[in-house]
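The next part holds the structures, each set out as structure tokens.
Shared chain: chain A. Partners: chain B in the first complex, chain C in the second.
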Partner chain A sequence: MSTNKRKGAANGVTRQEIMAVAAAREIRNSEVAFIGTGLPMVAAYLAKATHAPDAVLVFESGIVGAKPKELATGVGDLRLLVGCVKSTGLYYALSLLQGGFVDIGFLGAAEVDQYGNLNSTAIGDYRRPTVRLPGSGGANDIGSLARRLVIMVPHERRRLVPRVQYLTTPGFLDGPGARERAGLRGEGPTRVITDLAVLDFDPASKRMRLATVHPGVTVEEVEARTGFPLLRAPRVGETPLPSAGEVRLLRERIDPEGIYIGGKG
Partner chain B sequence: MREKVMGLREAVALIKDGDTVAIGGHTLRRHPMALIHEIIRQGRRGLKLQGWNNGIDMDMLIGAGCVASVETSYIGISAFGLALNFRRACERGGLHVIEHSETTGLDMFRATVMGMSFFPTKTPLGSDLMRTNQHLTEITCPFTGEPFAAVRAARPDVAIIHAHTTDKYGNVQLDAQRWNDQSADVLIGKAARTTVVSVEQIVSDEEIYRNSLLTVLPRKFVTAVVEAPYGAHPCGCDARYDYDLEEVEKYYEASKSEGSFKAYLDATVRGVADHMEYLERIGVERLMRLTRTRVARP
Partner chain C sequence: MGSSKVVSLSEAVASVADGANITFGGFAAYFTPLAFVREMIRRGKRGIEMTSVAECWVADYLAGAGVLKRARFSNFMFEGLGRCQNFVRAVERGEIEVEDYSHFAITSRLVAAGFGLPFMPVKSMAGTDLMGRRGFEAEKARPLACPFTGEPVLLVPAVRPDVAVIHLARSDRDGNSQLFGYTAVVEEQARAAQRVIVTTEEVVEDTVIRAQPELTVLPGFLVDAVVEVPFGAHPTGMYRYYDPDFEFMRDYYAASRDPAAFRAHLEEWVLGPGDHWAYLRKVGLRRLLALRSDPGLGIARMHARTVT
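Presenting the complex of A and B:
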């Protein structure tokens, strides 16, 4: 295994590994988790291999209860069929979301704002964007209908913005009560996991709040890399490091090529 | 009973400039690429594309200058990132985008198939999708008074789909090892006025009767069928062959500039007379590799 890939935060653990483990811990046993590609897939596999063996992983292409042997490049990858309990179609997967059966979803985005709204559509003017992104895909659906949402993004000023330029996926919209007024179900975003910190949302104002910083990261660094005034939880702690067992699982079984977890710290 | 088998050229001639064309497939899976290549070869223009989650299919048509508008939840080249022809066309202005969530992108076809003029959903409420998509509007439940979004039923002129088998009458089947009958392709195929289906193989009617559970589109819904083995390449085709990451990467690199993309189209699509010549350029070794590395059966 190349040691270049393992330059990282502390104890030779990469920031991506810290993120994957933090995300895995959000999946409770027996929950239904809606999974996309990348770190969320790694986190979901890790959760199933550790504290949440009975979690049901759902991919939007229509695979329920996946127990795959390899990472897939996309949610429509036939590799995900291995060991699954139900192979169905998009209807069914989306109907699980629609019926309120999905407990947790994971999303990344080009922009996240202080109310946890996401933009994966366009940077700049929508009609003539500076950067045109792919669009919602299943993101809007997951953000609107999952009971809880976990957002995973690199911690960059240009990414954590006061207000998204296009609201692809609803977080808390413009504040307390807004989701309910709009007619959406689900609690909304509960965590934002970045390569610097784990954040949550202040229950009163629904604004993003710093909960824990990763080992080796300062609060000031987090604030400097956030594009809006960041609230702090009453006591900002340190993100727990992955256990030796979790690291072994990640590096030997789940992502041995370090595609998602092998980034530099 | 009317026989519906056509050659690729004849089937694609059913599509006219300016038509609304709905495309089946999802991410790197079973897009009707042989049909799309032929659309480009025949120089179609002004097409209004519809789909629910798209990628290389729509991006290639956009890059080839065939497209006036796209209506879908997503256009990206999975595993590589942005769809660069799509991106260029949007950033330049001129490509009209009708923005959906995956639910509404699917429900617009579901509505049509169920004989409804709209379909209710929660997903786009509160988002900018409502603001920028004229096919979405807010309604109120007549019983509970709660807000819903309504998505307008889609009415494509033509649907293009890639499937596994059909008989000559257009009874289209998917293999047992694939996504369920409820796949989006079935809705797309049923929602259009004209439905063109390319298949891996044309089989006998007895084969259809023997496996009637596998029929996804009975002939009533199908206008023309075309035999095009590896007709989804470089996308995968369920258990029959894997996606060709090497080709998708070549595509992605070529799409980084207009010039290199034109060269790619000239070499890969316009410079070949037909689908067989396209496959000959890919080569037997690569095709066999994609077919041999079929992933483990559940």
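Presenting the complex of A and C:
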């Protein structure tokens, strides 16, 4: 295995690996988790292989209770179907969200604002966008209805913006009480995991705040790469490094080609 | 048993009018009715409107061929490849109108139609631009306090597409149709549409259907026409029949980045081969057989390294 191109953090651990491990730790054992493609899938596999073997993975295509052994190319991948406990439809899978059966969901986005609202629809004018993005898919449903939402994005100023250009998926909308007024369920976003830091939301103002920085990253660096004034948790700590066991699982079993955890550039 | 509903692909495509509102089956890179879509392109269909959830391959083919006029949908994305290039290019140029929904909300609009209801209440989309910003719909969604409890809900109106075009595993001549694996949205799409065309991997005797009725996703009375098209979802995959042709998809995606290259791709793979059989001959027996599912696993052996 080539490791000479792994970079970005201590001990040759990639920042994507730190993100995957931080995300995996958000999934508690026996929880029902709504999973998309990419790093969230890596994180879910890792959680199941470590502290959360009984976590139930649900995919919007209609695959429930998947027990995958290799990375899928998407949420409809037939390899997720082999060995799952229930094969059904999209309406059933998403009804689980509305019914309150889903504990946690993971989402990425092109833009995230200080209230944890996400844009995955359009940059520029909605009807004549500069960049047309893929669209909500199940993202809005997950953000509206999952008990907890974990956001995973690269930490860039153009991505962590004061206000999303199109509000696809609700975080805390425009602040305290807004989710309740709109009739949304769930706690809203509880974590934002980036390649620099882990963030959460101030309980009173519902604004994003810095919780931990990854090893080798400074608070100033995080603030400089955030497009809005970032609150700080009472004590900003350091994100724990992945254990040797977690790194081995990621590199040898879960993502041996380095598709999502990097390192094989 | 009534008279056979089996028709040819060209007859089925000819029955769809220009400007029709169509809901296509499939999901992401799987069981998408692409033989039908290629024939639509050959026949020069125009002004098509899609009522869609995540049928990215249909949207991108139709956008790239200039067939698609508008789409109400929730997500078009080639997972593992990127944004649907033909589709986004046309939207960014203002050539295709869009109306965005969440998966649950657009599916709920189809459910309402299939249930014979004017609307469905949903608990998502509220408070966001999905609710507040309109594309081409006269009215998209309306917030309401529940008359019993006062709880806020969002009402989305029924949508009744002119036609549903759905690719399934096997059908009998009455249209009773079965699918292995997850069903995505096909049951809701079929019940919402005014007319249902099923393209199918194989037409079988009704005794085959009746031997495993639990696999039936569409009873024949919902189905108006059946078209037999083996490998009719290629390059997308069909559980227990064949896997997605990822190599073809990568070639398609590379071509789709440039309009001229995509025209050449369409010429070579859609317009050149005059029909579905010529298309399959061009893809080639060796390639098709390599995609074939292992009967025990349901997927192709080449994609099953560590599944067993």
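We adopt the following convention: the second predicted complex is superposed on the first by the 260 of 265 C-alpha atoms of A that agree within 3 Å, B and C clash if a C-alpha of one lies under 4 Å from a C-alpha of the other, contacts with A are read in each partner's own complex, and residues count from 1 in each chain.
Keep this in mind: contacts are C-beta pairs under 8 Å (C-beta built on N, C-alpha and C of every residue); 3 or more make two chains touch, one makes a residue touch a chain.
Worth saying up front: this structure is predicted, and the values here are computed from it rather than measured.
The superposition on chain A brings chain B into a clash with chain C. In the superposition on chain A, contact of A:R127 is made with both chain B and chain C. Within the superposed three-chain model, A:F101 lies out of touch with both chain B and chain C [touch as defined at top]. Shared-chain residue A:F228: touches no atom of chain B or chain C. Shared interface residues of chain A, touching chain B in one complex and chain C in the other, are 37, 60-62, 69, 73-79, 81-83, 87-91, 94, 97-98, 121, 126-141, 144-145, 166-170, 173, 178-179, 182-185. Of all residues in chain A, those touching chain C in their complex are 37, 60-63, 69-70, 73-79, 81-83, 87-91, 94-95, 97-98, 117, 121, 126-141, 144-145, 166-170, 173, 178-179, 181-185. Chain C meets chain A in the complex at residues 27-30, 53-54, 73-77, 79-80, 83-84, 87-88, 91-92, 94, 97-98, 100-105, 107-108, 111, 122-130, 133, 135, 143, 151-154, 181-188, 237, 239, 243, 246, 297-299, 303-307. The touching residues of chain B, counted against chain A in their complex, run 26-29, 52-53, 72-76, 78-79, 82-83, 86-87, 90-91, 93, 97, 99-103, 106, 121-129, 132, 146-148, 177, 179-184, 236, 238-239, 242, 245, 295-298. Contact residues on chain A toward chain B in their complex (touch as defined above): 37, 60-62, 69, 73-79, 81-84, 87-92, 94, 97-98, 121-122, 126-141, 144-145, 166-170, 173, 178-179, 182-185.
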